[in-house]
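Structures are listed in the sections that come next.
Look for chain A in each of the two complexes below; its partner is chain B in the first and chain C in the second.
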Partner chain A sequence: MNRFALAFRLPIIVWQILFFLGPLIFMVAMSFFLVKNYRMVEAFELKNWVKMMTRGYVWDSYWLTLALATLTTVAASLAAFPAAFYLAFRTSESLRRWVIFLLIIPFFTSYLVRTFSWYVILAESGVINGILGWLGLGPYIMLNTMFGTIVGYLTLTLPLVVILQTVSLANIDMRLVQAAQNLGCSSARTLWTVILPLSRTGLMIAALFCFILAFGDFVAPYYLGGSKPPTLPILIIDTTKSGQQWPRAAVVAVMMMVTLFAIAFTTIVLAYRKRTSK
Partner chain B sequence: MTALVKIDAVEKRFGDFVAVRCMNLSIDQGEFVAIMGPSGCGKTTTLRILAGLEQPTSGKILIGGRVMNDVSAHQRDTPMVWQSLALFPFLNVRENVEFGLKMRRVAVQERSRRAIDWLERMEIADLAGRMVDTLSGGQRQRVALARALVTEPQLLLLDEPLSALDAHLVIRMQGVLNRLQRELGITFIYVTHSQSEAFAMADRVVIMNNGGIAQVGSPRDIYRTPANRFVAEFVGRNNILTGNATVGGIDTAVGLVKTTHSVTTGSAVTLVIAADQIAISRKPAPGAVETKLISEEFVGSVVTLFLEAGDGTEFKVQLQERALAELDIHSGGSFHLTWPDNIAHILPISPS
Partner chain C sequence: MSTWILRIWLGLVLLFVFMPIIFSVVFSFNSDRFPTIPLGHFTLHWYQTIWADPDVWTAARNSVIVSLSTCVLATMLGFCTAYTDYRYNFRLKGAYLALILLPPTIPLIILALAMLAWLSKIGASGQLWSIIIAHTVLTAPFAMAIIRLRLNQIDQDLEAAGWNLGASEWVALRAVVLPFCRPAIVSALCLTAAISFDEFAVAWYVGGLNKTIPVLILEIVQGNIDPQVNSIGSFVFLTSMTLVVLAQLLVFNRVMWRSA
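Showing the complex of A and B:
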């Protein structure tokens, strides 16, 4: 490596070490610290790990978070697909560009603001219950429920999933779809025989992004889900607040990191796996 | 022979652009027809209309006597071999070949057997388990052919299938295609921009220009008697002279050209003289056109000489490479061109 190349790479390497690798190592180390008289003490004890791993509520929280994130991923992928399909195959390229631009606009606003705006819609005296009241139905409780949490997750993930799916579908070589039709495959059937196999990588990466965002999000379960029952990010906040238990919160954080790492690794391997010749 | 395919007054527009204009063509069962023309002439669009991948704006398509306009692509039995081959990258060779059978709900074992049969026929049975991206160009070509033919269609559409292959493979695949077509006795409609491919394989050649048919005929007819100036210029190496018919022959820029054809005195005519029909000599002769050598093109055993007459008229002369020695072409000086009176072909329509 010549000197210039090194000079260009150095800032990013330093940045990564200082602000990513360093804190990560510190967090893992902290999970072995102890708290005495509300003060953190450097130590190397397994107490926090034993305590958190043997608590039922930690595992309840873990499975709940996993289930909600999975449900959101399935719901977002299914809800996004018809839109992405329409954008990729049934619109002109210029309209597609405009719609993708419109889908980026939500990201201009803070996610927190977007989450709060659901209050107006989901509240007991909100828009939906107002309309349902007119029809003599409801009111239904939607805020501070798991439904609310999932609405929040979808607010965060859906535009991104639509964009990623659209891009991967739009990149499909239409000649392959036509070749399938030419060989006797009806348009509807090309979805299974050609379109899904060809867009598999992009669709799986879109789902992975959705899962990562939902799994780590604390805004939706906090403001729309009412923190009950707590997801892992809520558990982290609660643990730090109660008795300054940063080390125990670090245990939960490490659990989340390991889980995400495993899921991301598996998904990417599966998404890019190519069949081999025999 | 009965007509398998009938293209009846078909027109195809994309907005203002007319891709195919008022096309009429009838193709017999078992015929090998090549559709040839420059890019954008409408040849591929014609093929796609036959496959149902484009709808004609007006006119009718009949296959086997049945009007196909309202039959969607997947219900037609018109497999196509694509220029890009369009093999499915997520399927292996055998599964690619089986695809058409699977769509027709042929039982698993039956379709596997038929796919392997075709791979054997194409001499690539040992590649059955390979993924297509690990194959060479020639091997992929054979997979594409097997995939299209496995359903035993009456008609095979081929869209420049050999354009991506190396020259030596093209010759081999031409042999494979010709053999297959004769053995199966099915109709091939072969779109190409390559004259050598079209002339080498086809029973009948359709020359298209600007969305319309410029000429239909046997390769020999088209080569020797082009129907119009476009065909004369597009096909082969033709010399084109324009002039006015007079009593003694045709008065052109290079002098009076004698002809055995009967022409109305006073009419403007276009003469076509094939480059391989012109005799070239160092010695002046009565009636010969005197020219200077501009350049030469060497393609194996055949050489084309580009020459220019005193008034700027260009001539192309084709001759055998071994005939070059006695001409001593690089020593400068004049070349004298002659051709038999009965050779110059006179175009029936005036130059466009």
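Showing the complex of A and C:
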């Protein structure tokens, strides 16, 4: 290998090992460290793990986070599908591009500001209750509830899910869809037996991204959900910022990583599995 | 399925997505501290408040330094990786690509904790450049992806022709590949700057006392309901949007769609 090739290959390897792999490996190691007199001591003890694994509140947070992220993934996938279906099959390519461009915009607006905006919109005397009150309804309490959290999660994930679903639907060979219809297949059956199986991979990857984003987000459950009980990311923040207990936060982070890895692995295997012929 | 129902559904999805953005801009000009319907009167009060606030200026300066440095570093690393992937095949290439492409799939709060711990350990936390280091890791994959898509479209013979005519690999790269990639490079600079400009979790953890604009917002929001957030947010929105539209105009569009 010559110097030229090395000059292009090496920088990223060095950089990512130093500042990406290094931190992650160190974090796993840190979960075995001890804290003595408010100072972290390098050690190899299972103390943090035992402590965190035997605490009921950690598991409460774990199952809550898992349930919320799953619910959000289902909600986002269902809400996005008709929109993606329309964009992929019922509109011109230029309109599709424009809508996708519109949907990219939210990624570059501060998620914090959008969440704060929801906070004011959903509040008991906020915009939505203002409109409902005018119609003689409400007021409904939406903040500090699971509903609030999920609105926040959807703000983060819905644009991405619509984009990914649209791309995977638009890549379907339209001749197959037309063939089904020519052979007398109803719209519902075409959807179920042709379109969904053909776009399965893309739809599942979209759902996976949605799950990862919701699972790791601390802003929505904190500001819109009232963080009672806290989700895992909030637990990490509370443990590092107020408790100075970095090793225990690392335990939670490793739990999250292992969970995400297992879910991502399963999803990817299922998404790319060849369909068995019947 | 009726097209009309689908069209309305798409409208509702867009409404949901854009409602918080639009309201945030509207609230930033609204006199009520706690806005509701009907709105209060028009005011520039919140903009005047942030204009006069030295903390906002410091944070803005920090944000500009961080996102400019990040975009240059991330685009350079992204280009090197994209070029390597385009030109070479080697053992462990899958691992090599995973190394650069994985960061966006890991929750930011986990990366924040890991980077804080590691950078403290090697004595590099709590500085403005700590944020730059972390943001480069986060954004380089996006730069790599954009430039790689552009390289898909290059005629491979062009660079080879350069070598045959006696150009060294460096010269051919500068004379052929770089000019071809220029729009993608500019696009990557804009997008990585925009992502860095908005990122708060990692910046909050590793930056110590150095606050960027999003970290400042995070701290204001933690305290109380304060419409200042909306005016800072509108300003941030304008900055990011300028960058994204620039990126889009300069090619993001062309690069993304031609290759599909």
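Note that in this section the second predicted complex is superposed on the first by the 268 of 278 C-alpha atoms of A that agree within 3 Å, B and C clash if a C-alpha of one lies under 4 Å from a C-alpha of the other, contacts with A are read in each partner's own complex, and residues count from 1 in each chain.
The rule is short, and it goes like this: contacts are C-beta pairs under 8 Å (C-beta built on N, C-alpha and C of every residue); 3 or more make two chains touch, one makes a residue touch a chain.
Quick caveat, the model's predicted, so the values are computed rather than measured.
When both complexes are overlaid on chain A, the residue A:V14 reaches neither chain B nor chain C. Legend: residue contacts after superposition of the two complexes on their common chain; A:Q178 is shown touching chain B, with no touch to chain C.
In the superposed model, A:V74 lies in contact with neither chain B nor chain C. Once chain A of one complex is fitted onto chain A of the other, the partner contacts of A:S187 extend to both chain B and chain C.
The larger set of touched chain A residues comes from C, when the choice is between chain B and chain C. In the superposition on chain A, contact is made by A:G130 with chain C only, not with chain B. Of the two partner chains, chain C is the only one that A:V120 touches; chain B does not reach it.
In the superposition on chain A, contact of A:I236 is made with chain C only, not with chain B. In the superposition on chain A, A:L198 makes contact with chain B only, not with chain C. Within chain A, the residues touched by chain B in the first complex and by chain C in the second are 187.
Interface residues of chain A facing chain B in the complex, by the touch rule stated above, are 173, 175-176, 178-187, 189, 193-194, 197-198, 200, 274-278. Put simply, chain B touches chain A in their complex at residues 51, 53, 72-75, 78-80, 82, 84, 86, 88-90, 92, 99-100, 103-104, 129-131, 134, 147-148, 151. Listed in rising order, the residues of chain A touching chain C in the complex are 2, 4-5, 7-9, 11-13, 15-17, 19-24, 26-27, 30, 79-80, 82-83, 85-87, 90, 97, 99, 101-106, 108-121, 123, 125-127, 129-131, 134, 154-155, 158-159, 162, 187, 191, 212, 215-218, 223, 233, 236-237, 240, 246, 249-250, 253, 256-257, 260, 264. Here chain C touches chain A in the complex through residues 1, 3, 5-7, 9-10, 13-14, 16-21, 23-24, 27, 34-38, 76-77, 80-81, 83-84, 88, 90, 96, 99-100, 102-103, 105-111, 113-119, 121, 133-134, 136-137, 140, 169-170, 194-195, 198, 200-201, 205, 214, 217-218, 221, 225, 229-230, 232-233, 236-237, 240-241, 243-244, 248, 253, 257, going by the rule given at the top.
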